[in-house]
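Let me give you the structure first, and then I'll get to my questions.
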Amino acid sequence: MNTLNGTDIIAIIDVIKDNVVTNRDRLTQLDSSLGDGDLGITMCRGFEAVSATLQEIEEKDIGKILMKAGMVFAQTAPSTMGTLIASGLMKAGKAVSGKEMVTSSDIFDLLEAFTGGIQARGKAVPGDKTILDALTPALETLKKAIEEGKTLNIAISEAYAAAVTGAETTKDMIAKHGRPAYYGDKSVGKKDPGAEVGILILKAFAEYI
Amino acid sequence: MNTLNGTDIIAIIDVIKDNVVTNRDRLTQLDSSLGDGDLGITMCRGFEAVSATLQEIEEKDIGKILMKAGMVFAQTAPSTMGTLIASGLMKAGKAVSGKEMVTSSDIFDLLEAFTGGIQARGKAVPGDKTILDALTPALETLKKAIEEGKTLNIAISEAYAAAVTGAETTKDMIAKHGRPAYYGDKSVGKKDPGAEVGILILKAFAEYI
Amino acid sequence: MRKFINDPVDFVDEMLDGILLAHPGQLACAGNNVRCLIKAGQLQKGKVGLATGGGSGHLPVFLGYVGEGMLDGCSVGGVFQSPSADNMFEVTKAINSGAGVLYIYGNYGGDCMNFEMAAEMADMEDIRIEHVIVTDDVASAPKGKEYKRRGVAGLFYVYKIAGACAAEMAPLNEVKRIAEKVCANVRSMGVALSPCTIPEVGKPTFEIEEGGMEIGMGIHGEPGIRKGPLDTADEIVEEMLRPIIEDLPFKSGDEVSILVNSLGATPKEELYIMYRKAYTILKDEGITICHPYIGEYATSMEMAGASITLLRLDDELKKYLAKPAFTPFFEQKQL
Amino acid sequence: MRKFINDPVDFVDEMLDGILLAHPGQLACAGNNVRCLIKAGQLQKGKVGLATGGGSGHLPVFLGYVGEGMLDGCSVGGVFQSPSADNMFEVTKAINSGAGVLYIYGNYGGDCMNFEMAAEMADMEDIRIEHVIVTDDVASAPKGKEYKRRGVAGLFYVYKIAGACAAEMAPLNEVKRIAEKVCANVRSMGVALSPCTIPEVGKPTFEIEEGGMEIGMGIHGEPGIRKGPLDTADEIVEEMLRPIIEDLPFKSGDEVSILVNSLGATPKEELYIMYRKAYTILKDEGITICHPYIGEYATSMEMAGASITLLRLDDELKKYLAKPAFTPFFEQKQL
């Protein structure tokens, strides 16, 4: 598929939910060793709530779907990562506002806005050992693949692979934000829990498309 | 020896101290399973304080020695057993008041008053699973042995043996007083911790004399 | 052991030093002995003196209730041990302003015997003494044998109400009457989820395995009435509150104050979850709650666990309960 | 787990139900949402509204300081989780009487971002908002990087003093100034002796083995500055107090208030042993203690551990600290 409609977007969010549910303990575990151990709980709660809400709405405007998702996420999972994802979803919604169908380049815009929303709210930059270190390389790869004319299917798979690699690089980084930052130098060697969430998001796109 | 002077009495109290110190953990353990686990601590504290005080006084009147011992015990170890022993010591002191030397029958009077002091303060009777179940049979045996004209040495050894047997019988009794009473029927099968203290007191007399 | 201590032998005296250093305007000690705590300042001529005493390890019980509108003095024992009779007597002399002294204490062998000895000493100096022995723990003996029951968190209500009564300059027999009235109307039950450690012993003197509980356990680890795996908060409250209600019994139409008390490690969050259930049960029984107290009122070192206490109120008890009180450990303005 | 809970998912809401049932005269909720707690009764026209918010599991922090002379509202998050921005906004609307609202909160990523979002929402409705972010934990970042530090028990002093200032009808910028002055003069350090358990996780999210300690650990188990075997109380206090004193620095001649705070399971007995040592150290440094607070002021569920906070006072701060305050979790008459 090279275009997605509202139903597809909702389905992708549902796959993200499945991914975080499957990886709940893994997220908890990563967050326990660099944070407060709640990431599994909050991500499940947020995506479950969003997924449940979206199953019930009759909305075709992808912008509104994402905006709604952001608001629900903000209400149900107001942790650091939850608030960042909520901010990202709202910006993503703004970026594709009014569209009932999105193309490859819209999907890039959407993911770029999502990442931008996280960046604006959290004031982190790539290299700070956050979810951005999974999302930013994924975006770059996606952009390049689309420019090279690859199908969305292939482009998004490559983006997912880039997220996995990007998340891996967080092991070498010193955390600068949130609770992981309290570990300072001791955060080196450990994978950022938020980056793992970034992977699960891209993975859902790759699996669905 | 068939008579004791003040120095002997002080020495006997010192042996009691050694006995409770050696059996500290054992007393704690017995009291843990039927009480609050402090019996080892309080008996050591009380007898150590008494022993230390008596080493320093120049007193020949056995009555005054025992009275002083009771007061120190009351101040330093005011637990149930501590207060009972203190009350007993004071009554024992009253019983031999003015004497610088005690005979077999004085020693019986002294131990009888000691036991009576405990009984008056605690309002328990033999069979209630208390220290009295070690002391009372010891007293009876002592009385009989003295009446039969046995030497103090032998009489006190027999009294000690009776205390051991008496304490053993507390295993079959239901506790009626203090913390062990909270265990009700469940106290059956367990030896009364206070009775063990009774043994250690008689043991010291038997060892010294 | 997970404790802030120095030499275990100094545990009680260092704690008392700290308390006296922290609250010099409110507390002092009699006879220069830190184990004989009294209210700071001048004695009020003609006021009945209220004294308590007991082992350490239960803060704010016992000494924490010495202060304005509550007690005048407290003799302090070692951890879980009775204070000595001569310390009790020292406190007695210091707080007697001529109107006599009321001893209020929990029903524990050591404490009872020592308060008796202290009263004998006071008698020799012509100080009038009365005793009120608190026996609120329904788990510690069956109905009909109330005289065998232990005193636990219900002590708080006796101190509070007798304190307010004495503050109004009531005579000794009147303060004793009101204190006994509280005793007659107060019932408690506890539950323990963990053991606690006496510093000098260094390890728990009894065991409750993780994931277990003991309903009715006493504040020194005295055995309870049922051991079992940990139930839900609601089930536990039900199991604690029913025997309390049936014992007095508390009846539809009664007005009560309730105390949901942490034994130490249990946080306030959990106490409020328990209160929520207690509220519902009482409401269903037609019993009204006048003023709840929720927090640490009678503890057992760092034990995880809680107790629930109900006090049936009448106009008189309510009036005294509502009076202000200010101690270093408990503050209440006029309700 | 040694906890009184029902379904772990309901932990926070059942706790809040309990709190609202227990203190109906003092607390209410905005927008019919138990997670949006406000002071009961009429808004005082023209008074600056003081709001806080943060994760659950720290009682009395955060909501316990809503009440007379302290805060007007608090949004409540899940255990150790930020409240949502729209709950913060709900509280904001409910406590704004026209004079604007001051947000006072600890420096945690989630809380900061959500209070920012809430302020954006408030801005759209023309409610004036100011922020004061508390960063008192010296263990969490070195001097010079104060902006990175966590907020811990020092929050209490900011609430207390800003609350007293707002109660005198000072305008928003003045209340903010005084709150920032407290922040500039308050420093804390914690030590943990045990982990704690988030009900929904069901087991500790970090480990401290029995007989160990972690100096500088945060109230959610954030890593400290030194792990090691448990030292004596005096040694631990020394190790906590030195960095606090050096950081500000507190100097000879300074007058301070000190807060010795239990993280939950640590009993008051031990806090007073710690206070005793702190008193001696400060005395030796020529620092006077004006009023000590000793107890549970900012906890971390049932964690064993403690924190020490020092606040340097001047006449203005002292005046406001001395004012009375009455909340369901904290009572103080005029000092």
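In order of appearance the chains are A, B, C and D, and numbering begins at 1 in each one.
Here, a contact is a pair of C-beta atoms (placed from the backbone, for glycine too) under 8 Å apart; a residue touches a chain by one contact, two chains touch by 3 or more.
Predicted, not measured: the structure shown is a model, and the values here were computed from it.
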*In how few steps can one go from chain A to chain B if every step must land on a touching chain?*
3
*Farthest chain from chain C, comparing Cα centres?*
A
_Centroid of chain A to centroid of chain D, CA atoms only: how many Å?_
33
_How many angstrom lie between the centres of chain A and chain C, each centre taken as the mean Cα position?_
55
*Touch graph across the chains, line, ring, star, complete or other?*
line
*asked:* Considering only the defined contacts, which chain A positions touch chain D in the complex?
replied: 28, 32, 36-38, 41-42, 71, 74-76, 78-80, 82-84, 87, 121-122, 177-179, 181-183, 186
*Considering the complex alone, what residue numbers of chain C touch chain D?*
1-7, 11, 14-19, 21-22, 56-57, 59-60, 64, 193-194, 210-211, 230, 232-234, 236, 264-276, 279, 292, 294-296, 299, 301-302, 304, 306, 326, 329, 331-333
*Complex contacts: residues of chain D adjacent to chain A*: 77-87, 108-110, 113-114, 116-117, 140, 148, 150, 198, 200-201, 205-206, 218, 220-223
